[in-house]
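The following pair of complexes shares a single chain, chain A, combined with chain B in the former and chain C in the latter.
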Partner chain A sequence: MEAFYEWARVLYDSTGINLPFIYDSYDRGRMIDGFFTTVKLSVICLFFSVIIGIIGAWLQNSPLKWTRRIVNGYIQLFRNTPPLVQLYFFYFAIGTLLPKVTNDYGGQEPILGGFTWAVISLSFFAGAYNVEIFRSGIEAVPDSTIEAAEALGFTRLHIYKDITLPLAFRVVLPALNNNLVNLVKTTTLAYAIAVPEMLYEANQIWSDNVNVTEMMIFMLLTYFVLVGILVWGMNRWERALKIPGFGA
Partner chain B sequence: MKQKNNNVLPVMMAPRNRQTDPFRLKAWHGVVLASIVVLASIPAFAAEEPTRASMFEVLVRWMPLLLQGFVFNVVISISAMAVGTITGAALGLGQISLNGWVRKFAWITTQFFRNAPWLVLLFFAMFLLPFEIKIGSLIIPLPDWLKAIFGLSLPVMANVSEIVRGGVISLPSGQWEAAESLAFSRTQVLWRIILPQCVKRMLPPWMNLYSILTMATVLASIVGVSEMMTLTGQALAAEGGRTDLLIPFYSFVLLMFFIYCYPIARWTIRLEKKFAVIN
Partner chain C sequence: MAWSEDQPMVSIKDLHKSFGALEVLKGISMDVMKGEVVCIIGPSGSGKSTLIRCVNALNDIQQGSILVEGQEVNDHNLDKLELRKKVGMVFQQYNLFPHKTALENIMMAPLLVLKQDKAEVEKLARQLIKKVRLEGKEESYPGELSGGQQQRVAIARSLAMNPDVMLFDEVTAALDPETVNEVLLAIKELAQDGMTCMLVTHEMAFAREIADHIYFTDRGVIVEHGPPDTFFDDAKDPRTVEFLGQIL
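Moving on, here comes the complex of A and B:
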C-alpha cells in the first residue's frame, strides 16, 4: 500500500498529475469518509424509500377515498417539483422552524442536521416514485389469488404482507432497480446543504490543491463504478428471484 | 370483495394501467392549498412587528424577478433538450449501427453519461470548459449559462440515446424483413419505415425526460447561474434573512415548477395510453 501511495507522489512530481487523495494521508481520510457517507446516505435512503413505497401502495388501495387522495397528492407533488428545491425547503424552511438544542460546547445547533434532512428529503422524493412502482406490481397480482386468500380468512393486512407483496415484488424489481440507481445519483444533491459526502469532499480537496481536472475525472469514474456495482448486484438478485414463465 | 373479471386464469398477468384515474388536480385544489399556506402563516404573521412589510407584500414585490428567473430555467431546459436530443439521436443510431466499433463506442458513451450523476456532469462542464474560446483572432466567450446548457445536455444525450435504441428494438423484426424484401436500402428502411413508427413510441419517455431535465435546471444554482433558485436566495438575503419568509419563498419556487411540470406529466400519461399497444 505504501508503495502505491509513493507511486502517486512520484506521478505528481514527474507528470504533474496531482492525486492528493492517494499520497496525502489527510486528503485520503477525507475521501474515504466522503465515500462512506455517500454509501451510508444511499443505503439509508434506499431503505426508507422502499418502506414509503410499500406503505404508500397499501394506502393507495385503501377503501377510504381521502386516504387515496392524500397519497396521490403526495406522489404528484414530489414527482413534479425539483428534488433540490425540496431539499432546500426541508433544510432551510422547515429546519429553521424547529427548536434548537445546546450541543456539548454550549453552542446552539439545529435539532436535525444536514445529513438527517438529506435522508428525509431524498427518501420522500424516491418514495413517491416507489409508491407508483409498487402499485403497478400489486395490480399485476390476479384477483383470484386475493379472493382465494380472502376465502381462507386472511385479513387485508395479511393478504398484503404475505400474498400480494411477495408476488408484486418480483414483478416490480426492474423498475425498482432503475429508481434506486437514480436515488444513488441524487444523493449528490446533499452537497448543496454541506453534507460531507463524496462530491463535497472532492470539492474541498480540489479547492485546497487546485486539481479540478483530476478530481472531476476521479469523481465520474467513482460514481460510474459505484452505480455499476449496484446495477450488477440488482441484476443478479433479479435473476435469482425470477418467476419461471413470467415476464420477458 | 373484488368481482371484476371472472374469466381470468389464476396466473400472473403483466402490469396494466388503471382504467380510471381516481384523482386529478383541479383549480379548486390550488385554492385549498393556497388557503392552507395562508392559514399556516398567520402565527408568524401575528408575531411580526408592524413596521415590517408582510411576507406577501415582500413576495409580490420580488415576484417579477423570480418569474424572470423561472423563464431562464425554461430557456436552459429547452436549449439543453434540443442539444441533447440531436446528439442523443446520433448516439442512439450509433448504438444500432452495423459497424461493431461504432456500436461499442456509442454504447460505452451512453452508459458512462447515464450512470454519472447530473450534478457531477454539471460540475465537469462548469470547471473544465474554458471561459472563452479563441479561434485565430475570433474570441467566443462562454458564459456560465452556456456551460450549464452543455453540462445538462450530456446526461440528456445519454438518455435520449437509450430511448432511441429502445424505440428501434421495440419494433417487430418483421418490419425490417418486410422492408428488406421490398429492396429498400438500410438507410431507406431506417428513415422511411422504422423511425417514423418509433417516434410515437419515443414521445412519452422523451417528454418524461424533458420534465426531469426541467427539474434538474435548478442544479445550475449550485454552480452560480442566476436562475430562479439563485435569485430566490439573493432575494431572501436582500430582505435581511427573515425566517418567516423562507416558507413562502421556497413554496413559491416549488409551486412554479409544479405548475409547469404537472401538465407535462398528465399529457405524457395521456399519450402513453393513446399509443399503448393493445394486445
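Moving on, here comes the complex of A and C:
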C-alpha cells in the first residue's frame, strides 16, 4: 500500500498528474468517506424506492377512488418535475418548516439533516418510476392465474404477495434494473445540499489541489465501476430468479 | 337451518346472470346430490362456464339462488373463503402458478389458506401427486410439464383443499388428443371415490360413462336433461337432437 501511495507522489512529481486522494492521507480519508456515503445513500434509496414501488402499485389497485388518485398524483408530480427541484423543495421548503433541535455544541440544528432529506427525496423520485414499473409487471400477470388463486380461497394480500408480485418481479427486472442504475447516478444531486457524498468530496479535493481534470476522470471511472457492479449483481439476480419454462 | 347430507349438495334455483345488458343465464335450476356426477353440455356461448363459475362465486349473480351445502352464494355477506374451502375448481387453461414447482403448487393453498402444518401438507401433496400418477414430477415447474400433466397437477392442487364439490370447466379442451385420456382417467377415479362433480365437457363418450345426470344448455336455459342413457338415446328437444347429431 505504501508503495502505491509513493507511486502517486512520484507520478505527481515527474508528470504533474495530481492524485492527492491516493498519496495524501487527509484527502484519501475524504474520498473514502465520500465513497461510502454514496454507497450508503444508494443502498438506502434503492431499498426505499423499491418498497414505495411495491406499496404504490398495490394501492393503485385499491377499490377506493381517492387512494388511486393520490397515488397517481404522486407519480405525476415526481415524474414531471426535475429531481434537483424536488430535492431543494424537501430540503429548503419542508426542512425549514420543521422544528429545530439543539445540538451537542448548544447551537440550533434542523431536525433532519441533508443526508436524510436526500434519502427521502431520491426514494420518492425513483419510487414514482418504480410504481409504474411494478404496475406494468402486475398487468402482465394473467387474470386467469389470479382467478385460480381466488378459487383456492387466497386473500387479496396473499394473491399479491405470493402470486402477483413474484411473477411481476420477473417481468420487470430489466426495467427496474434501469431505474435503479439511474437512481445511483442521481445520488450525485445530493451534492447540491452539501451531503458529503463522492462528488462533493471530489469537489473539496479539487478546490484545495486545483486538479479538476484528474478528479473528473477519477469520478467518471469510479461511477462507471460502481454502476457496473450494480448491473452485474442485478443480472445475476435475474438469472437466479429464472424459472424453467417460464418467460422468454 | 342446518344442511344435512340427504339434501342437495348444490341447489340452484332460477339463476339469472347478466354481463351488463347481456343476459347469459335466464333461469337455471338444478340439484346436485352428494356423490353425484353432473355433466353440462351445450353449444359454445350458451353459458356453461358462467354457470359453474357462479357456484364458487367467481361470477356474481343478479337473481335466484345457489345453495352450497345450504349456504347461500347470492348473498352480499357471503364468506367467500368458507365457500371456496368447500368448492374446488379446475380450469381449461390449468392456471398453475408458473413460479412454483408441481409440489409447491399443490401445497400452497393448504399452507396459506388453511394454515396447516407444513410437514403434513407435504405428505398430503406427495400422496396426491401419486394419485394423479405424476411421481417424479414433484420438483418440475409447470413450464416443464405437458398440458395433460399440468392439468393433473391442477386437479391435485384443488383436491389438496379437501373440497366437497369439484367443478371442471372443459378441462380437456386445451389438451392434445393423446393426453386427454390421462386427465379423464384422473377425473373418473375421483368420481368413483364418491366426489361430487359438476363438469362442463365436450367429451360425450366420457359424459355418458361417468355422469349420473346430464344437462343440455342453450342460450342460457336448460333445454333438456336426464340420466345419460335417456339423454343420449331419447333426446326430445330438437336443439338437443341437432347438437348431438353434430357431435356424435
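Observations, loosely collected:
Here, the second predicted complex is superposed on the first by the 242 of 248 C-alpha atoms of A that agree within 3 Å, B and C clash if a C-alpha of one lies under 4 Å from a C-alpha of the other, contacts with A are read in each partner's own complex, and residues count from 1 in each chain.
Note that in this section a residue touches a chain if its C-beta (ideal position, glycine included) is under 8 Å from a C-beta of that chain, and two chains touch if they have at least 3 such contacts.
All values derive from a computational prediction rather than experimental measurement.
In the superposed model, A:10 lies in contact with neither chain B nor chain C. In the superposition on chain A, A:149 makes contact with chain C only, while chain B stays out of contact range.
Ranked by how many residues of chain A each touches, chain B and chain C are led by B.
In the superposition on chain A, contact of A:163 is made with chain C only, not with chain B. Once the two complexes are laid over each other on the shared chain, residue contacts for A:98 go to neither chain B nor chain C. Once the two complexes are laid over each other on the shared chain, residue contacts for A:243 go to chain B and to chain C alike. By the touch criterion defined above, A:229 reaches neither chain B nor chain C.
142, 144-145, 147-148, 150, 167, 243, 246 are the residues of chain A that lie in the contact sets of both chain B and chain C, per the superposition on chain A.
Considering their complex, residues 56, 58, 80-81, 84-85, 87-89, 91, 93, 95-99, 108-109, 112-113, 140-145, 154, 157-158, 161 of chain C touch chain A. Within the complex formed with chain C, the chain A residues making contact are 142, 144-145, 147-155, 158, 162-163, 166-167, 170, 243-246. The part of chain B that touches chain A in the complex is made up of residues 1-2, 4-5, 8-16, 18, 22-23, 25, 29, 112, 115-121, 123-124, 127-128, 211, 214-219, 221-222, 229, 243, 246-247, 250-251, 253-254, 257-258, 261-262, 265. Note for the complex: chain A touches chain B at residues 68-69, 72-73, 76-77, 79-86, 88-89, 92-94, 96-97, 136-137, 139-148, 150, 167, 171, 181, 185-189, 191-192, 199, 212-213, 216, 219-220, 223-224, 227-228, 231, 243, 246-247.
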